[in-house]
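Next come two complexes, and both contain chain A; in the first it sits with chain B, in the second with chain C.
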Partner chain A sequence: MTGTPRPDILDETVEVWFGPQHVSAHGWAAKLTLVGDYIVECDPHAGYFHRSAEKCLEFRTFRQGSLILERLCMLEAFLAEYPYVAAVEQIAGLEVPERARVMRTIMMEASRIHSLQFWWGQFAAELGLFTMLLWPWVDREFFLDAFEELTGSRHAVSYNTPGGVKYDFTEKSVRLLERAIERLEEHLPKFRDMVLRSPTFKMRTQGVGQFTAEQGIKWGLSGPNIKACGIPMDLRKDDPDPNLAYDMVDWEVPVTESMEHPGESDAYDRMVQRFKEIETSVDIIRQLLPQVPEGPIVDPKARAKANRLPEGEAYGRVEGTRGITTLWLKTTEKAQTPYRAKIRGPCFASYYALKHLVPGSRFADFIVMFGSLDPYPGWWDR
Partner chain B sequence: MGALATLGDMFRILRHVFRQIFTRPFTYFYPFEDRYYPERTRGRHIHIRENCTGCGQCVRACPTVAIRIDKSDRKYEKDAALYFDYTRCIFCGLCVQACRFNALFHTKVVDISEGEREDLLYGPDKITTLDREPLEWRGRRFR
Partner chain C sequence: MSDQTPLAAMTLAREIVNSLPDVESRPLGENKVELVVPRDHLREVVAHIDATLEDAFPESAFGVDLGDGEFEVVYVFWSQVHRLLCQLRVRLKEPDLVVDSVCDIFPGLEWHERETHEMFGIDFRGHPDLRPLLLPDELVGKYPLRKSFKTDRSRVAESGLAQPRPRRQAQRGTPTGETAGAGDRQAGGETQ
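Right after this comes the complex of A and B.
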């Protein structure tokens, strides 16, 4: 007796586009192949945010170039513009004054906190916890006020310049920064308990998007995503930049090691890790603020030297909020603009890691995995 | 014990409610009342033609080609007329830093929205002064 043949389960697949109109998908789209509620294939697409930033850099002078970098990732503007500035400083042979070194480091850590606060609110909102969207963002406003007082702009700060920084600390800007940090320190333990002890949050995140450290390194992840696996990979410690003041601070690389699955990380561990990152940044700022030395904020020869660069090539690197950000710069003799600038953002790797990470999980867990890796479209569409 | 705890919670809520009633609202009544802007706010520019020498460094520094200079339009001995295109300007502050004759500054004015696109092209008559037509809305004038 021959009955009807059993249907192959892969014949009943449905293709769903997640994005680009989805509210969580701001500038990205992933094609998901579903069987029932399970994802069997994930195909992330890049290019919705593409504005050819690398080509634009070839038509901007060395003082203008950092403006494009900071627009790639507005959330970590102080950090994002740094690799370009560092590369120009290396080629031009500029010396950064001590005061500018410390000020740069302070503002970069403040930028990291602000970016993590934004991410944390957004991640909570993606899980449906909308209260946690608004409360960290209120605290974030205090950081934005400090940025505005210092540079005159809330997001597009344009603070670093080859050979130093553009704006000096005023009494009020330091006071506003301290106020923002005090408010954060007051609220952070409360918010952390609210998020990490929430049963809803635990159920949504524990065991979701789990990968081993080996896999993470193979996919090219860096930053908090790798540190959450228990590997202290941090550019601030491994390869300290001479133009940043991390050597003046006593700090440890924050690492999360899970008790249930050592050497692996899930979305919950990555959340824990990012809270630790905020604490480390607060610690660094607290140690550096009293140590700001007196002196000039920019190399007096910077203007003349950065106008035309000698032939050379350099790597600018920084440990960004989302991972290692590098920029390779090549110049020709007496160049006013770069010959080629290649940006390596941290998020291309974390975005395309979804391709390996997502298949086999449920549809509702997709946004948890995406959010927990913290990708930002500007870093893969450059 | 449970009833006491509930009563305590009720009083806590009431205290919170009364505190919220008598505090100042967190929001601004925008067109009539504006927020605080710091000294360094990078708003629209002001061009001081007495100090200008027409060197054109601001034009060279601009990354978005938002500034046009007309050297034949002279009001003083060696100044020039500047045309700012605020549809292109990104308020990066490089032109102000490039000016070494104290002729170009940012101001705190950031609400430069206009009804017509052409009105955002600030000619020498608009860029040299902060005066502007008051905005009328539903019979009320503000700004």
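Right after this comes the complex of A and C.
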């Protein structure tokens, strides 16, 4: 009797769609090819959240454009709108007053903390730690209160404007911001220990989604994902923007260097790294708050100068919560709207990286890998 | 990685221009340089950047519609070790909108090229996967980021949505009866 032919393992593949109806897949879907419990192919699909932001920008004036940008990622609205504002300022030749420079930096760092708190709760929930979903989100409300007091809006803040900022600090808005930071500082060590020292959390994240810094950079990853590999890649230090006040602060780029796998990062390292990012941002705000100088908050010629821009090209860049966020702007002579605006969202690369990162891992680890890169659909769909 | 002296952007540009005289370079600012690369030399220049900058970061790649059938593809590379930004610019002219794909050298550019393909109709030779990335099926092949793609009311009929009321009628707002309103609407439609 001849033996039955050995089954080819790839004949037994199953295709599973992760999303768009899955609760963790808010606006994205990935097609996974499984053999048993292992993923052999991952095909991330984009476009569920596409709002043609780049085309819309071509029909909005230079002072309206930042409103579209901040809607791409509401979690880091102060940071998301900045590349556009920076590019317009470069072409228009606007000078940002000292007070606006410092206030911008403070609010951008507050926005970073807020976005990281959101991610931290969401990532914990994706791993099944639902308590950790709500606790950081309660603290996050205090930041939203401060944003609301300052700008009148909790998410769509539209704070930065070419030549300065739109709303001045008041005694109450500063007090609310300080209250939010105090509450965060009080809770952060406790929450961090609860997550990072939890044996369940360690088992779920350590060794999952591991890549080297070289691989990550080739895939286009930036920000905390690369800093977790021990590379201090941070635009705040590397390409400092003259209109932001990081030069007034004494700070170091936080990095995480793992003892077990130097030069590489796994999901656990990226979690550690993001807690360090929060601490750095708190430190920067604490140093800047007493240094806010008196003076105007916007260049008095900003309205006139940003109305019609000369012909030019500019490249606005900012270190967002999730990595390098840029906007490339081209204008024609005396135009009221951009000729071309290209948004580079950091998560465009981190979502793409799943294609290389996921194959070979278990199905249950997929969401851990996805969550640990901190992707936000607005940044890749735009 | 960081024990060597940082490379100046102009040094990188000079190296490339010396080996490929067709490439033009111009400074963009502090340690930032732009290279205008003929289409046939793109892969050589990108390979040189990959070999010279050990941590070359594929920041962005995108198209620009210059009008009159002319297009540009712009690539941006950043090196954190050298604090260096290098922007490449490739000019293309219709009907020959083809450029070599570089996503085998920098996998991070794979989706950028895919997006440029669906938005501008620029073909990337050797790209493994040029399926549409962001667009719905109705817009595939219409290249929405080209300047010839109109987003005004001239496309409303195509969408199958109800025709919007002309604005001047809405402003007048005279309750003088249905027939006058209908006549206005028709006239408004013809003038557009």
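Assume the second predicted complex is superposed on the first by the 381 of 382 C-alpha atoms of A that agree within 3 Å, B and C clash if a C-alpha of one lies under 4 Å from a C-alpha of the other, contacts with A are read in each partner's own complex, and residues count from 1 in each chain.
The rule is simple: a contact is a pair of C-beta atoms (placed from the backbone, for glycine too) under 8 Å apart; a residue touches a chain by one contact, two chains touch by 3 or more.
Note that this is a predicted model, so its numbers are computed, not measured.
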Superposition on chain A - do chain B and chain C clash or fit: fit
First (chain B), second (chain C), both or neither touched by A:Gln64: first
Touched partner set for A:Tyr167, first chain B, second chain C, both or neither: first
Chain B versus chain C as contact partner of A:Tyr352, first or second or both or neither: second
Vertex chain A angle, Cα centres of chain C and chain B, expressed to the nearest 10 degrees: 100
Chain B versus chain C as contact partner of A:Gly27, first or second or both or neither: neither
Chain B versus chain C as contact partner of A:Ala46, first or second or both or neither: second
More chain A residues in contact - chain B or chain C: C
Which of chain B and chain C A:Ile324 touches, first, second, both or neither: second
Which of chain B and chain C A:Asp381 touches, first, second, both or neither: second
Contacts of A:Ile217 with chain B and chain C, given as first, second, both or neither: second
Touched partner set for A:Gly152, first chain B, second chain C, both or neither: first
Nearest-approach distance, in Å, of chain C Cα atoms to those of chain B in the combined model: 6
Chain B-facing residues of chain A, complex: 60-61, 63-64, 67, 148-153, 156, 158, 166-167, 172
Contacting residues of chain B [partner chain A, same complex]: 38, 40-42, 61, 63, 90-94, 97, 106
Footprint of chain A on chain C - complex, ascending: 55-60, 62, 64-65, 74, 76, 78, 80, 83, 85, 87, 106-112, 132-136, 144-145, 149, 151
Residue ranges of chain A in contact with chain C within the complex: 46-47, 50, 52, 54-55, 59, 213-214, 217-222, 231-233, 238-239, 315, 324, 326, 328, 330, 339-340, 342, 344, 348-349, 352, 356, 380-382
